[in-house]
Amino acid sequence: MATFGLVLASLLPALAVGGPAQAKNKVVFKVAMLGEGVDSLNPFLGIQAPSYEMWGLTYDYLTGYSMTDMSPTPSLATKWTTSPDGKTWTFTVRKGVTWSDGKPLTAADVAYTYNRVLHGTVEQSSWISYLNGVTKITAPDATTLVMKLKKPSATLPLLPIPIVPQHVWKNVSESEIKSYAAGPANGQPPVGSGPFRLVSGTADGSTFKFEANPDYWGGRPHIDEVIFQFYKNDDSAIQAMEKGEVDFVEGITALEVKNLQGKAGITAHNGNSPGFDEIAFNTGSIDTKTGKPIGNPNPAVLDPKFRHALGYALNLPQLITKVYQGGGLPGTTIIPPAYKKYHWEPPSNEAFHFDPAKAGALLDAAGYKMGSDGLRTMPNGQPIGTLRLAARSDSQESLNTMDYFKSWLSDLGIKAEVSTYSSSQLTDVILKGNFDAFQWGWYVEPDPDSMLSYMTCGQRGNWSDSWFCNKQYDALYNQQHVQTDQAKREAEVKQMQQILYQQSPYLVTAYSSIGEAVRSDKFACFVPQPNPGGVWLEQYGVYNYLHIKPASEAQNCDSATAGGQLSGAVSATQGDSSSSVGMPVMIGGGVVVLLALVGGGFVLLRRRATVGDRE
Amino acid sequence: MSTSELLEMRDVHVTYRTSEGELPAVRGVDLTVRRGQIVGVAGESGCGKSTLASTVLRLQAANAMVSGEVLFDGQDVLTMRWGDLRAVRWVGASIVFQGALHSLNPVHRIGAQIAEPIQVHAPGLAEGRVRERIESLLEQVGLDPARARSYPHQLSGGQKQRVMIAMALACDPQLVVADEPTTALDVMVQAQVLGVLSGLVRERGLGMMMISHDLSVLGDLCDRITVMYAGRVVEEGPAEQIFADPLHPYSAALSAAFPRVGDPSARFAPSGLPGDPPLPWDLPGGCTFAPRCPRAAEVCLPAEPVLTSYGEGRAAACVRIGQPDETQHHGSPGEVAS
Amino acid sequence: MTLAAADPGLVTAESEPEVRPRRRGYASYVGLKVLGSIGSLFFMLVVNFFLFRVLPGDPAHTLGRGRLSTEAQVEAFNKTYGLQQPVWQQFLTFLHNTFTGQLGISVQYRLPVSQLIADRMVPTILLVGTSTILATVIGVYLGIRGAWGRGSRFDKVTTGTSLTLYAMPEWWLGLLLIAALGVGFWIFPGVFPTGGLHSPDVDPNSLKGVLDTTWHLVLPVTTLTLAYLADYSLIMRSSLLDELGEDYLQTARAKGLRDIQVRNRHAVRNALLPTTTIVALNIGFVVSGAITVETVFSIPGLGLLATDAIQVPDFWVLQGTFLVASAGVIFANLIANLLYGLLDPRVRT
Amino acid sequence: MTTTATDKPRQLSASQLARRRRMAAWKRTWGQFRRHRSGMLGLVILVFFVAVALLAPLIASSSGLDVTKANGPVLAPPSSDYVLGTDENGRSVLTLLIWGARVSLFVGLLATLISMVIGTLVGLISGYFGGWVGRITFRLTEWFLTIPFLPLAIVMSTVLGRGLFNIVIVIGVTSWPGTALLIRSQTLSIRERAYVERAQAIGAGRWHQLGRHVLPNVMPMVFANTTLTVAIAILTETTLSFLGLGDPTRVSWGTMLNGAYEAGAITTGCWWYVVPPGVCVVLVVLAFTLIGQALEEVLNPRLRARR
């Protein structure tokens, strides 16, 4: 039949090609996704960004995120109060919300979901960190949810845990859940309360079809269907968009963005995403049980002064232009500027800038004098030897960054060699401590807590990859963790960043971004997050799925509800769209290319996802 | 039945075009086969006798240039239109190839292979008739008709050769060309096969051109014998005479020789004859046989001797015939042809 | 996959002659071949098992993809995947599971591997199947014509083209086709879709869906067809050339057969033997063939499943696909041999 | 070794004879090869690329490979100062091509060497020694043949990690069975030949015969087969590199194509980054194939009849 069909198709190309284009009356929003696909539709199993997107459309969350700085906003919870001692949280759950199978959604469902996380093993892996310190969760009545905590928590009420229907999941046992697909079964979408319903698609599949939920409490979406199509490489996806097979492409390179910006009917940009790439040092790998040193870090990198000095050897602007293809923002600290409240911007007198002379001076001061052979020595006169820089073989950026680092080091009179590992191998190398420095990256979730936690002593041998340990830092971490006074907490978080900046376990090289392109002749009213300069699609929350409109109705974007005043980011006409989005981005010195969804990206996704933080 | 000459070859030349240059394989051969007559062609391998045979049905290799005339029943095979040629093939003249081993298609059954020419040339013939024909043919060559169902590799060499014979007779040809029909077989089987072959030919009064390096075999089967050396006829005449008292020294050597048993691969050189037959790309000047000839003398060198008649129906190409031999020339005795 | 690698079927047949063939019926021939395949099957299982036990990194970490924080979870994980058992015991369980069709649960997708493979099988078979059929038909035809009129312009052109295609990485050819016919170049617009199995918004089961899928398959199928075609035409040509020297063709000519009859009844029939074997074998290399092309054209088949699994690395998916791949080859190999036995009487007796 | 003092001289002279015969054979082979048009074409192409690879340092300085030193425009089309344009790091594609030739050829040849050694050894053993040794080695070869080549190569290169030598090993280890089978059938036929029997009669040890009589006579076929294997090896290296399993620190034609693919060179229409590496691969592989076929035809009389 295939052969026959083949012949047939080549006979009637018009018909066959006409096929895709004939999406009539129904408004279908087709999204091309790249790289790793959806790993699971089961919110307790999946860990990859696309999966979060699927859950976001299928389920609801207790709290949402603001479009400006991603601070908590009401969602299923209409409001919440904290007891004076900060150990009791009371949420008021929205009335009149129903599951897709018609049953009402009550506080009991929320309590069930959270308890499952609290007491399960599999269920814990992705979500437990959000219920950190929570001891008891109850639903005294249909609209009230009460959380009891050991000690106050600063991370609440941020609770991005998909709320699943008790009446369905109570039948899924602890053992079954490991392989519970939670996808469409016998013609029925998985039961959820979200704005859309998954009518077709399986975890390993390449196509996922959602239908709008007509009676969504947040109002009916302006589009009838969302379809995600996964492509293996950018070219296919971009071509598909130019051919009109898809309306949106997520995660392309800056080069491709540049190339698309000229094209009529298409608007492309690099959206800031709250993530960063860094050069990390081995600040002292130890056996977490015995506390004895393991691995073989070069004594030099163990010295904060040494690491800090190297901060002045990095020519970040060059890195951005060359390695990140001319787009990008030089990085400073581990909390990206997207989170205005928490980001600490080093004052100009402290800030790193490309100044080899200064770097040299600092090294001299720290005792790393230039030897007769033109190589710097340890303070005790021993040769430093060769620093082992680890790069990820699946990321060209990683390799190139380290190549540059190597050449900058040699300019300083420090020998270094770059070796490549696959991401899984590198994970092992790091845990064994057999490295001096490596290049990798993180995404940072709206609440800085978990990112900050990775640099605490307690995380060594687990999430800490730099083996960093600093008493003062840990003390501050514990403080901010229970800090209920927002202003105080922000101050503490910034202080922690300052410590890291001085100690330099990480040299943050770049703040990342995601290349996105949309058929602005078909759809409009995308609102970036963070606004301005942020991403359009893989956001915290599903704002745009609810508020984008067919280009024909673009003029009244503002009629849209929340965040309306921000809309029109992408309006129908090419001209002002490129000025309203393209220009700021360009003026902003361009944005770092995130090749996350190409090659090495998987790991970023993985590590980002591991604690569920996602943009 | 126009003439009594069934096959008449006139001044046939065959030259192979190869990357090494042009190799003359047959150089001006005349040969005649009458109805019911068995003509033997003798000579060492490489003397061009097989090439000569291939021209009878215009089966020479693609890179072979043929000149002269090959008249079959008065028509020149070489210039015939393909249609007519196909009609002549197997119906007019058939061939028993050397090495039945390879001349039978390994993946077709015996029966099918014998039937093939019949079906080709008498398309109308009914299945049953064809089968009967095959069985009778097999019986005639002394094989169990059931053999029709077996594959070549299931037969012994002798049996294969018999199959070839049966196949050759399938369309009652007037002429059978037997190209070294028995080289691959050991003596006992050779005798049987030759017996069968000549018997059938005789009783049907067919003409046959029998090619062999073994003069003794030809001697008692044939009416006439043509001896070839280096692509030319060196002697020609009644079988028994040539075998009994050859004129040409080469014929003499051939008849003196006796067949070696077994070992089909190594073709034999007449005993007492030093050296190998000349290579077609460097033929010695004068008499091409001279270098190996026991009676060679200065007279042999200037020109290549022509075939001259000696008595009724006998001819030979040697200038020394009748001359007394004083000067005995010998090829370097050290070497022994292997 | 290549001329050099692709003729065990032949070799088994060829390596007999010098030992004077004993007479045995087709049945026992089949028996022997089946036994041989079972042997290979077991060997393959062993390789399969141990190959994947030496994947880099501590399984608990790499396979758990770093998600495991508490010791309890690590243990739970090891338990699920039986990693705490001694190796031989793991092997036994592996054997048992394999034969009962349990290929484990994908670390990445958390779905039964057998199900994943079943899902991905269809596009691959569609792609490779179509290409193989086309390639065989065209390739054999070209091979025959080329060999029969060897030295002719036709022969020179086809052989030249085949050799070039043979020397070409099929995925690169795919890229070129995408660039030329998908993206379009100079004044030529790109008409064909450049990736995916079908357009996102059509139901693949509707007629429109079928047409759309077919339309999407044009480029990948063309790519793979050209790649295979090269092999087949070259093989057919050379094996027919081998036959041309044979005496029985002379016999056939002498019998007064037409040239075309000689070719089809005798030469081709025999020359087809090796070709059939190799085609049959190539079908076994379904996965291998599909890997690169599926990657280039983003076709969600077995090949893509495998390549995706490598990044993770998704232990069980890799093992499963590899298992299917090798099993496919062994099976095809068996078929090839049996076929050969049927077609060539010399082999079976 | 059961060679006794008495039959040594005869032994030697015999082998000398054999050697002389072989020398003559090589001369003849070369003579015939020279007349083989496509073979010579292949040889010319190959010589060209080998020359380029060897002279790379003279033609283009290796600094052109260093990303940190690259200061050309990104993915710029061919121009006067960048004859074949630039890659996504602003490096000259031409320079990459020239140095890529080194890696591709190196990998191809070394991998082939490995697979040849293994293949020939196994082939000889399974062909020469009858009995269980022969049977087992033959089975082994067949088994290895049933392992799907590319998947195995992929899995192995994930196991061994990414590096030039790993690629070499992977290819070497996965591509030997074809050779082994060829050598085996060759050996089987040669084993029957007269002088081996003679050697047996004289009482030379089996290994001695293997080395003295069988090996030298199999060598020609090995040689012809080698060139074909190189072609396959180079193709495999390219494919693995393209799939991102190559050595990222080294520039080969495969890694170039991988880079082009990931940089979306197709959509951005950077033909100068996609086409040249592929063409080089095709040419080199073609060259080896042509030479290999020519050699086979020349060395194998049965095939020679075809011409």
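Each chain carries a letter (A, B, C and D) given by its place in the written order, and its residues are counted from 1.
Throughout what follows, contacts are C-beta pairs under 8 Å (C-beta built on N, C-alpha and C of every residue); 3 or more make two chains touch, one makes a residue touch a chain.
Here the structure is a predicted model, which is why all the values come from computation and not from measurement.
Participant: Measuring between mean CA coordinates, which chain is farthest from chain C?
Facilitator: Relative to chain C, the chain with the farthest C-alpha centre is B.
Participant: Have a look at A-C versus A-D and report the one with more C-beta pairs in contact.
Facilitator: Greater number of contacting C-beta pairs: A-C.
Participant: Central chain, going by Cα centroids?
Facilitator: Closest to the centre of all protein C-alpha atoms: chain C.
Participant: Would you kindly tell me how far, in whole Å, the mean C-alpha position of chain D lies from that of chain B?
Facilitator: Centre separation, chain B to chain D: 49 Å.
Participant: Taking the mean of the C-alpha atoms as each chain's centre, how many Å separate chain A from chain C?
Facilitator: 39
Participant: Measuring from the mean C-alpha position of chain A to the mean C-alpha position of chain B, what distance in angstrom results?
Facilitator: Comparing mean C-alpha positions, chain B is 90 Å from chain A.
Participant: Which residue numbers or ranges of chain A touch two or more of the other chains?
Facilitator: Answer for chain A, listing residues that touch two or more other chains: 233, 235, 239, 394, 422, 425.
Participant: Among all residues of chain C, which ones touch two or more of the remaining chains?
Facilitator: Where chain C meets two or more other chains at a single residue, that happens at 56, 178, 183, 295, 313.
Participant: Sort out for me which residues of chain C touch chain D in the complex.
Facilitator: Going by the criterion above, the answer is residues 1-8, 11-12, 14-15, 18, 36, 39-40, 43-44, 47, 51-52, 54-56, 150, 163-164, 166-169, 171-172, 175-176, 178-179, 183, 185, 241-242, 244-245, 284-285, 287-288, 291-292, 295, 306-307, 310, 313, 318, 321-322, 325-326, 328-330, 333.
Participant: Under the touch definition given earlier, write down the residues of chain D that touch chain C in their complex.
Facilitator: Where chain D meets chain C, its residues are 138-139, 142-143, 145-152, 154-156, 158-159, 161, 175, 177-179, 181, 184-185, 188-189, 192, 225, 228-229, 231-232, 235, 238-239, 242-243, 245, 257, 261, 266-267, 269, 271, 274-275, 278, 281-283, 285-286, 289-290, 302-303, 305-306.
Participant: State the interface residues of chain A toward chain D in the complex, per the touch definition above.
Facilitator: Checking each residue of chain A against chain D gives 233-235, 238-239, 252-253, 255-256, 259, 322-323, 325-326, 391, 393-394, 396, 399-400, 403-404, 406-407, 418-422, 425, 595, 598-599.
Participant: Looking at the complex, which residues from chain C come into contact with chain A?
Facilitator: Going by the criterion above, the answer is residues 56-58, 61-62, 65-69, 72-73, 76, 80, 105-106, 108-112, 116, 119-120, 126, 129-130, 133-134, 178, 182-183, 190-191, 193-202, 208, 210-215, 217-218, 221, 294-298, 300, 304-305, 308, 311-313.
Participant: Touching chain C in the complex: which residues of chain A?
Facilitator: 2-3, 5-6, 8-10, 12-13, 15-17, 19-20, 22-23, 28, 30, 36-37, 39-40, 42, 45-47, 121-122, 124-126, 178-179, 181, 202-207, 209, 225, 227-233, 235-237, 239-240, 243, 245-246, 394, 422-425, 427-428, 431, 462-463, 602, 606-607, 610
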